[in-house]
Amino acid sequence: MKYGITETVKTINSKIKINDIIYNIVEKKANAIKYFLEGEEFNQAIVFGAYLCGNFVADALTKDCDEVILVDVHPHLKEIIINEKIKFMDSSKFNLSLRNGELNPDLVVDLTGIGGLSPEIISKLNPSVLIVENPKGTFDKDINNIDNSVDRLNKGVKRGLLNTFRTSKVSKTSGSMTLVIDTVMDSCNDLKELDGVLYALPNLKYYEGILFHEKDIRKFIDEVNTPAITVSCLDEDLENEINNILLKNIDRIYSYVEKIK
Amino acid sequence: MKYGITETVKTINSKIKINDIIYNIVEKKANAIKYFLEGEEFNQAIVFGAYLCGNFVADALTKDCDEVILVDVHPHLKEIIINEKIKFMDSSKFNLSLRNGELNPDLVVDLTGIGGLSPEIISKLNPSVLIVENPKGTFDKDINNIDNSVDRLNKGVKRGLLNTFRTSKVSKTSGSMTLVIDTVMDSCNDLKELDGVLYALPNLKYYEGILFHEKDIRKFIDEVNTPAITVSCLDEDLENEINNILLKNIDRIYSYVEKIK
Amino acid sequence: MKYGITETVKTINSKIKINDIIYNIVEKKANAIKYFLEGEEFNQAIVFGAYLCGNFVADALTKDCDEVILVDVHPHLKEIIINEKIKFMDSSKFNLSLRNGELNPDLVVDLTGIGGLSPEIISKLNPSVLIVENPKGTFDKDINNIDNSVDRLNKGVKRGLLNTFRTSKVSKTSGSMTLVIDTVMDSCNDLKELDGVLYALPNLKYYEGILFHEKDIRKFIDEVNTPAITVSCLDEDLENEINNILLKNIDRIYSYVEKIK
Amino acid sequence: MKYGITETVKTINSKIKINDIIYNIVEKKANAIKYFLEGEEFNQAIVFGAYLCGNFVADALTKDCDEVILVDVHPHLKEIIINEKIKFMDSSKFNLSLRNGELNPDLVVDLTGIGGLSPEIISKLNPSVLIVENPKGTFDKDINNIDNSVDRLNKGVKRGLLNTFRTSKVSKTSGSMTLVIDTVMDSCNDLKELDGVLYALPNLKYYEGILFHEKDIRKFIDEVNTPAITVSCLDEDLENEINNILLKNIDRIYSYVEKIK
């Protein structure tokens, strides 16, 4: 707690950070994938899309896979990887390996979403288990038209669509960044209704700009390590309430893999 | 327009900046004050509270006042003043001048809001025209209890309460920062509903921390010079729509001085 | 609880009825008035506006007033009165009594709101204690312009403005019907977010049409004696939750008399 | 337009009636089905679920089908049928016909939603074209768990899932009644924000009670033939605006059949 402009008004930062919300979401997605895989083990897993969830999913898969390859069109995302068991490939390295016949995955996880992987690539890889992320959230005509996630589910004896939704709330995509923004925004709207709250401020930034235009992984990691919400209020004992409202909104996020025939 | 993670997704910044919204609000407040004063001229005007609106109001008053004094408890806010005709006083300078009988204002404008100026100070100054800002917005029990703006309206042959509201929308105070945050948040909620919009991100920061804890006026001015909203969407021609939605929400803000007997 | 179309879906009516919400609101208004009057006793009290609150306020005043007159332009509203100590007057009866000098109230309560009583009438009555209801809720430019409640506060050694608001929520007027509608609507929106709720239906009707166009007091009393909300859901144990959400929204309503100099 | 309690306040009913919104939704669903069928002709079509959409879909199918059978567990819903070409069967009649081998549909449309038809029945009918309505709207954990619409899509060379959503808005199911309620409620919330609007009242009733508990088809038809919204306002020229806001919300409803492999 700090004082605001005058000592009558207090400023309280949420204990929960942007980082905590991101971690909660990617963990839910990784757990949904693990649950769908039922403890099965794989020789070679390929995960497409490092950001924001792929790195975490790849890490979770290292326990059950001899080899985990993380593919991303952005070479600088290699830096995001901590687990040394994960092998990173950018597009050219991936295409070379594909041509050389070095890729023979029994598990493929496609997290590239809207405008991501082409169905042909997945078809060539021909995995026995295939999971594709459904980028769609609450219905939107244009996003619905552009999405081809079901078309990508064209191979495999076991196929699943990774869905992530916010229960009873509007989120236009299942993207981790969309879910973080909407969770923080809805929490701010809830907080604004509490007695004695002057305003609730979402500490959000265009993180994708830092990652993809500035290409500064370090700065991204710093920037998400910040309290999710700053509240200006009269009551200095509001900290628990702020966290509870954030937690209630985080709990709205559900992720599960839907089996597709 | 920039591309997002993939070329299918675009990123568009609003042309309207945080700065533009702040300017619009303080201009409305200054115009409401000028309208109430009906072109009257004054020898000495004292404005209490430099941030966020006071500096602008003081500037507007220089045309009709021989002397304009801007008083703030935070000495470093002196730097925010550009107009050389405005005389800045911090608390100790103000108290000294008050004791020495140098202050004899015919106009007092109190913009200090919650926890601000005491009614006794205004009583001592005994101006003929007195305007006090009502810090209250949408009803809140606790803010209602702590507010003493009407008690401060204790002198003057002409007394007015400066009200600022957002029509049909919830804002808990009339503070310029509250109104900026709520205007940007509500615009994001509106934008999220457009076809093909993935998310709408409010580019807000805890500006009061920069001004009052870091005491860095320069950084504050830099930070508010940023697009108010960043939109992730499929349609690259959304720029006008983004500005229109922001303008529609800015137009919800009304400021007027209510005459009090 | 009843079954919906199939036995899987349940239908639950709220225990709280429209009537209960109306009663809660008019009781809050009556209590605010009693609190302002501080136990003072009066010879003659005149209450203007029978619907929806006036009848209840008049009833509450009978304990502390020798005579309580309830005035309404709609003669058929006489039927709404139960307490025999209340004397009802329609416009012509009131005007006659006024001309004949039979009216000399020491307390006047004006609940007529927008388009109601003219300031001149109140001025003629010249009570020592005067309370006028402020019809305004959340700011609205047009309602703000048309409201003249402060102009009606033109007499009396003790003057008060009866304010009624919903904390942190939008209600465009303080009218009892507006507050009922908004409370039920916001409760439905909250209920819709619960797990397993298919829809939440507000059991509202245009009650003012029944009262003022059909002029059927009996039908009005029947129609408000109905569960406020009907919920279609999977979980048959939702009844308490429904009432709690309604109560939480009812508790948002605050009424108080603001002393005006 | 009628006057409210005083002549200053007007009461305006929307031109659009509850009936119009119902019709719009069932027409969208019927069109989605027709589009999926691509003009194909059928010998025998069976539609399960008469209320609220089934009767309309059956009617639309009579043009392309030699025989259209409408099945519903509620015998009294037979009265809802106007088109004489539709053959109505209640559960016992359907089961008898099924045992007698009289049913050999080449098209089955299952509109029974949550708790409706069992997958076994559809399996026995073994149609070449099968359409099942997805009852789910915005994600809800409990509704998601109870829904078995994809399991019912167990036969047919051409299989489709009938989806109906409100773009960027929360509706917990695709049920026609859910969509009507949410469309009217959201329109009321939009209307409340207009300048000079005191309140916007949804003229909704628990129509399912009239149909399934009272079993009064005639009363149902009367009750939905009512203006969707009643608005209390200062401006008598608001009629077009009211309809435009209703239309904008009706246009949010999209229905399409998703091809399932």
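We call the chains A, B, C and D, going by the order they appear; numbering starts again at 1 in every chain.
Quick note on the criterion: a residue touches a chain if its C-beta (ideal position, glycine included) is under 8 Å from a C-beta of that chain, and two chains touch if they have at least 3 such contacts.
For clarity, every value in this text was computed on a predicted model and none was experimentally measured.
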| item | value |
| --- | --- |
| Pair joined by the larger number of C-beta contacts - A-D, A-B | A-B |
| Matching chain pair for B-D (criterion: over half of the contact pairs shared, by residue number), options B-C, C-D or A-C | A-C |
| Whole-Å gap between the CA centroids of chain A and chain C | 50 |
| Inter-chain centre distance, chain A versus chain B - centres from mean C-alpha coordinates, in Å | 37 |
| Interface hub residues of chain C, defined as touching at least two other chains | 140-141, 167-170, 172, 192-193, 195 |
| Interface residues, chain B side, partner chain C - complex | 138-141, 163, 165-170, 172, 254, 261 |
| Complex contacts: residues of chain D adjacent to chain C | 2, 4-9, 11, 51, 73-74, 112-116, 140-143, 146, 170, 172-173, 175, 177-178, 181-182, 185, 188-189, 192-193, 195-206, 208-209, 212-213, 230, 232, 234-235 |
| Touching residues (chain side chain A, partner chain C) in the complex | 167-169, 192-195 |
